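Same chain, two partners: chain A is paired with chain B first, then with chain C.
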Partner chain A sequence: MKVNLHPKESLLFNAFQLIFIIHSVQVGVGVVGLPKIVFLETKHDAWIVVFFAGVLTSVILWFMIVMLRQYDSADFYGIHVDVFGKWLGNFLSFGYIIYLIACFFVIFMNYTEIVQVWIFPKLPTWQLAFILILLAVYAVHGGIRVIVGVSFLSVIGTLWIILVLFVPLRYADFTHIYPIMNVDIKHMLKGIQRTSLSIMGFELIMFVYPFVKEKHRALLYVQIGNLFTTFTYTLVTFISIVFFAEDGLSKVIWPVISMLKIVRLPNLERFEFIAVSFWMLVILPNLCLYLWASSKGFSRIIKRTQKMGIWIIAIVAFGASFFVKARYQMNMVTDLVAKAGFYAAFCYPVVLSIIVYLKKWLARRKKSHVKSA
Partner chain B sequence: MIKWLLGKKSTEPSKAHSFIIDELKEQIKSELKVGSELTYRTLKKDKQKLVFCFMDSLVYKPGLDEFIIAPIQKNAKLEWTCEAIAQILPISDLSAVNQLDEVVTGIIEGKVYIYVEGQPYGLQADVSKTVERGIEKAETESLVYGPKIAFTESLIGNINILRHNIKDPNLCMEDLTVGTRSKSKVKLIYIKDIAAEEHVNGFREKINQLEIDHVAGATVLGQLIENNSWSVFPQLVTTELPDRVTIALMRGKVVVLMDRSPDALYGPTPFFTFFESTEDVYMRWNMGLGLRFLRLLAAFLSVLLTPAYVAVLTYEVIPSALLVSLGQSRANVPFPPVFEALLLEFFIELLREAGARLPTKVGQTMGIVGGIVIGQAAVDAGFTSNILIIIIALSALGSFTTPSYLMGTAIRMVRFPIIILAGILGGIGIMIAFCFFIIHLLKLDTMGGSYLSPVYPLRWKDLGYSFFRVPTQYLSKRPITNHPIDVQRFSAPKAKKKDVDE
Partner chain C sequence: MLNRLKWIMLAAFFSCVMLISGCAEKKQLEKLGLSTAVGYDLEKENHIRGTVVIHKFDPLAKNLTEIITVEANTSKTLRQKQNLETDQKLVSGQLRCVIYSKELAKKGIVQLVDALNRDPTIGNTVYLTVTDGKASTIMNMDKENQKIDLGTYLYNLIKQNVESEQLLLPTLFEFNHRYNDHGKDPVLPILRIKNGNVILSGVALFQDDRTVAELKGDNIFYLKILSDKFKSGTHEMGFDRSRFKKLIMNQEGNAFRTVYKKLFLNIDNIRSNTKIKLVDKKNLRFKVAIKLQSRLLEATEPLDLANPANIEYIEKVVGKEMEKEIKKLLIFFQKNKVDPIGIGNEYIAHNRGKMLTKKEWRDKYKDVKFDVHVQNTIVKTGVID
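What follows is the complex of A and B.
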């Protein structure tokens, strides 16, 4: 397997689009439950913790880009092979692919669950899962350009939901946030860890990087995308805290959707129906990008066509959806993936980039030694 | 579609025809099985024989008599050789040929073949006539504002109009032929230093590679050369307005005109081009902007309104104030909302189709019968609710505002699956359809370019051309979606801000 990936010129996309990729892949099913999850750990300071999680993400993104810059045009799988050799590298990549598939699975399963709870209690899980998987497969068949387009249009098309979030502010009580910074370090770190499910997704930059046209500007746009996410998340958490009564937030499951319930339109009673339906557009780029990244890994490692990988992964994920029957099981799986995400998206890339950097540094030193000798 | 049409064109070696007139007649007759239409006129002088071969139906008789036969007959001193005859014939389009297939092709095209027995070659003179209608007002794309002239079926006439619109010497017209049997003439038109090479080459290659017996017109040619023939969305625009073509050429697009087809085909044309009307350009920019937005909104609502009605009614999310009136009007309706909506949509489609097929006067009556009588009766009979009639009428109107007839039809057809999905899954169903169409539109391309351009990939400067309409002084650059070679339309005025009372 080649370390560097040189896609055709026509497949490259502008670095500018990274804003939308990073933002759209971060915002997904996690954010509807984010305020509650963080609130459980850190109480009314949750919004500050979410902000810090965003800052931490930005640092990790910096690590990733620095690592990617050590190579000409490599992706995560290529770097693995370069650093760990063929066998160990591919083994680690394989583990990562499983993590990506698990993310894919958790996203559509969680969305199906939300739909079942809010709109169609009797809808069989497999039906909606089937449709979502097919949509993702259809998009991924179009390649990276279509997926980037999906993430762009998804961000543009759902931007208005942020504006709607200001409606609950009319009923807000701003005293809920006082006293500010009342949380200790231990709970804060725990809180940051709990945000991982919502904020992860940015690790996919390591897979799309070879397809970026102006690679030297990638860092800037990635940071803007993450900044936008951080801003959105902090806002959402802040509004949830001031909107819900003190213990109300810990009792709801999806505070964001519950908040949207109070929006009233003259010709439509239950606004959350629209919000839940529209959420499909929010999770669509997530599904596409995770499916794309994992199937890309499939074709890179096993050297078969990516189309085959797409179908195998889609069938595996669809089959797995039959094993989850109850709400508590789904919760378990989600928690598991969230934990895995914390290690796979937050910790591992930092370790890997340090290894890569050290390796390159050693190689450079050797070279200069040879030269001077 | 282009893929299965690819193939190599076979060429047979041709041979010279017989130099004896009687044999030549037989040869031509056996090549062309046309009966009495094929006419010969033989002249004799000093044992020399001369024959005129032509198709009765294709030749302009007075021209033939006056400009070909008369000079030869009257000129007694004339020596009957090809050079000498060519010298005296007052005909501009004259060529010397002796290959049998060339002769036959010429005769089919309406030329007269003049041959003197024993000569090594003969003369082919063009006195053909074409039957064509005069230039008329645009019918399918009727306008309130702007030039009314429309293309006709005559290629020469169409080119004449275009040449008069653009007097740029760089306006290129390449000759191509399509149809292995019909051999229709096609002109590939572009402005050399504006249109991108890749688009010109793309069109040329695709048209040249077509291996098909007959192409029925520019619209069909468009279907044959676009990349995704499965999609409901047309990927190339056809228009009958010369000024629309002129504007397109000036923006760097490539135009294809076909003989005997009153439509011009041009590309690359992204999705939003189909919602542009030339009137937007002729109007003041703010009104053009408003109308263009109105049209986009109409198309959007046309797709969305009926499904939304079905979703809202099936899964009862109506506020109490509206519930009363909706409930009252639906109280008599025994059907579920999906069925009701599909029924009425079907009815409207029938009306439209019937109106299009009938003569104008009957068509108007149809409209009244359909719209008022049946509409009112359907409500009274408890087939549908009043509100649905309003919604259906709105969405039908919305789809007719689209300037491109093809796109309007596509929008109407797309509605049916969405209504069914909305009936099954409510808002989720609509969203599934929405997501599908987003992906689908992203996957489409027009001559290799992105179909959703300039929205994706985002091209700020082009938005002023297609999505918005901005004052002309801000459009100093041609749209980069077309990759123009010469980007500059005019040099942007240097803005010098004036102070008050300066």
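What follows is the complex of A and C.
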């Protein structure tokens, strides 16, 4: 396998579109439960913890971009082979592909569950899962540029939901956020770890990087995308904390949707129906990007067409959806993926980039030694 | 080849969307009975009686509403049993009002509220109320003469009073919020039948989910001032005439009649701002500072209001009177161990370290002391002096 990937000029996309990719792939199915999950660990300081998690993410993104800049135009799979050799590198890549498929799975399963609980209690899981997978497969068939378009539309089309979140502020009790910073370091770190399910997704920059046209500007746009996510998450968590009572927030499963129940328009009694439906637009780029990245890995490692990879992954994920039946099982799987995400998206890229940097540094030193000798 | 595949996929996708959308549960309006109000009574131990007001859309039906009463142990079984007694499928998406009998409310209503929370079809803005007598009596009242169904009537009754700022918002959301907060207790309005009509007669104070006390009349006004910023609301106060001797105008020519033994002032509150502050953490001393801007609406005797000093005098007297009343009210809350104002929240907000539980706060609440300061400004006296 070649380390560097040189796609055709017509397949590249502009660097500023990374804003939409990063933001749309981060915001997904995790954010509807984010305030509660972090609140359980850190109580009313959750919004500060979420903000810190966003800052941490931006540091990790810096690590990733520095690593990618060591190469001409390499992606994650290529770097693996370059650093660890063919066998170990491909083995690690394979593990990462499984993680990506698991993310893909968790996203559409969680969304299906939300739809089942809020709108159609009798809807069988496979029906919605089938449509979502088919939609993702269709988009991924179009290639990376179509996916970029999907994420652009997703961000633009759902931006207004942020404005709706200000309605619950009318019922807020601001005493809830005091005393500020009442959390100890241990719980804070735990809280940051719990944000992983919502914040992860940014690791996909390592896969789309070869397709960016102006690579030297990638870092800037990636950071802007992450900044926007951090801002949104902090806002959502803050509003949830002042809106819900202490015991209330730890009881609800999807605080963001429960919060939108209070919104009432004159001709629309229940706003959360709209929100849940629109959420499909939010998760669609996630599905597409995860499916794209994993199928790309498939074609890079096994040297078959990417289309074959898409279908195999889609069928595997669809088949797996029959094994999860109850809420507690779904919870277990989601927790597992969230934990895996913490290591795969937060920890591993940092380690890898340090290894890459050391390797390149040693190589350079060797070269100069050879020259001087 | 690629193009053909694309078309096949598109076709497959659209046919999926069309076919699968038929699988969702159908809900035709004519075949639905929308429950607009639900009432719960305590029948005997372990048994509740549920009454439901159903709004129908059948154009041929004479009565647009139907009332069904059944007994069961849980609220969802009630719904099932009620479903057996009607030709339409009962749905609760349009539920406006829930009535609990006082008997039930004294025992605790959280399990019934929990059922409302758990059901995604029920909105967050449903009003919860308590009734003096039985919920079923209110709901069975005078079926023929009703032009709109009871649920909508109650909804309008409460909404109108909340909007004119006479009542705290009694929505499901607000109840949950207060119930789940460690330093705050729920408050719900009390319904009563008067001359064949349902009226609001007071406010029930809850300790957790149990009614322990009631507030009537004037005290609701003070509760409202203490609880949140509010913009309007009238309040009447009686004073001994001797205190106002200087102010009462001697009107020559007019015969001076005394209808009342006391002098009554009616004050309209335009704006109020309440700050509850913990001043002494150790001794649990709270400062309650209230700033009122009010308007003199009515005085039962002609007062000389042209003189600024006189207005100042009234301001002071009224302020003092309010201080007294508010202090009395706060002590009443303390005695009943209810905290509808959220003093506990204020205490928790200033207390670092481990968060207080509800019980810990209740133990502390006994020893809380209040300093009440009312600053009353009469900004207008109407169109005449």
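Please note the rule applied: the second predicted complex is superposed on the first by the 373 of 373 C-alpha atoms of A that agree within 3 Å, B and C clash if a C-alpha of one lies under 4 Å from a C-alpha of the other, contacts with A are read in each partner's own complex, and residues count from 1 in each chain.
Rule of thumb we're sticking to: a residue touches a chain if its C-beta (ideal position, glycine included) is under 8 Å from a C-beta of that chain, and two chains touch if they have at least 3 such contacts.
None of these values were measured; they are calculated from a predicted model.
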item	value
Touched partner set for A:K261, first chain B, second chain C, both or neither	second
First, second, both or neither for A:L362, with chain B first and chain C second	neither
Chain B versus chain C as contact partner of A:R270, first or second or both or neither	both
First, second, both or neither for A:V146, with chain B first and chain C second	first
Partner chain in contact with A:W118 - chain B first, chain C second, else both or neither	second
Chain B versus chain C as contact partner of A:K251, first or second or both or neither	second
Partner chain(s) touched by A:D173 [first = chain B, second = chain C, both, neither]	second
Chain B versus chain C as contact partner of A:L159, first or second or both or neither	neither
Partner chain in contact with A:F130 - chain B first, chain C second, else both or neither	second
Common ground on chain A, meaning residues reached by chain C in one complex and by chain B in the other	119-120, 131, 135, 138, 264, 269-270
Complex contacts: residues of chain C adjacent to chain A	5-6, 9-10, 12-13, 16-17, 20, 23-25, 93-94, 120, 123-125, 173-174, 176-182, 184, 342, 345-346, 348-353, 355
Complex contact set, residues of chain B against chain A	312, 315, 317-322, 425-428, 430-432, 434-436, 438-440, 442-443, 450, 452, 455-458
Residues of chain A that touch chain B when the two form their complex	13-14, 16-17, 115, 119-120, 128, 131, 135, 138-139, 142, 145-146, 149-150, 152-153, 157, 264-270, 273-274, 276-278, 280-281, 284
Residues of chain A defined as touching chain C within the complex	43, 117-120, 122-124, 127, 130-131, 134-135, 137-138, 141, 171, 173, 175-176, 178-179, 182, 244-248, 251, 258, 261-262, 264, 269-270, 272
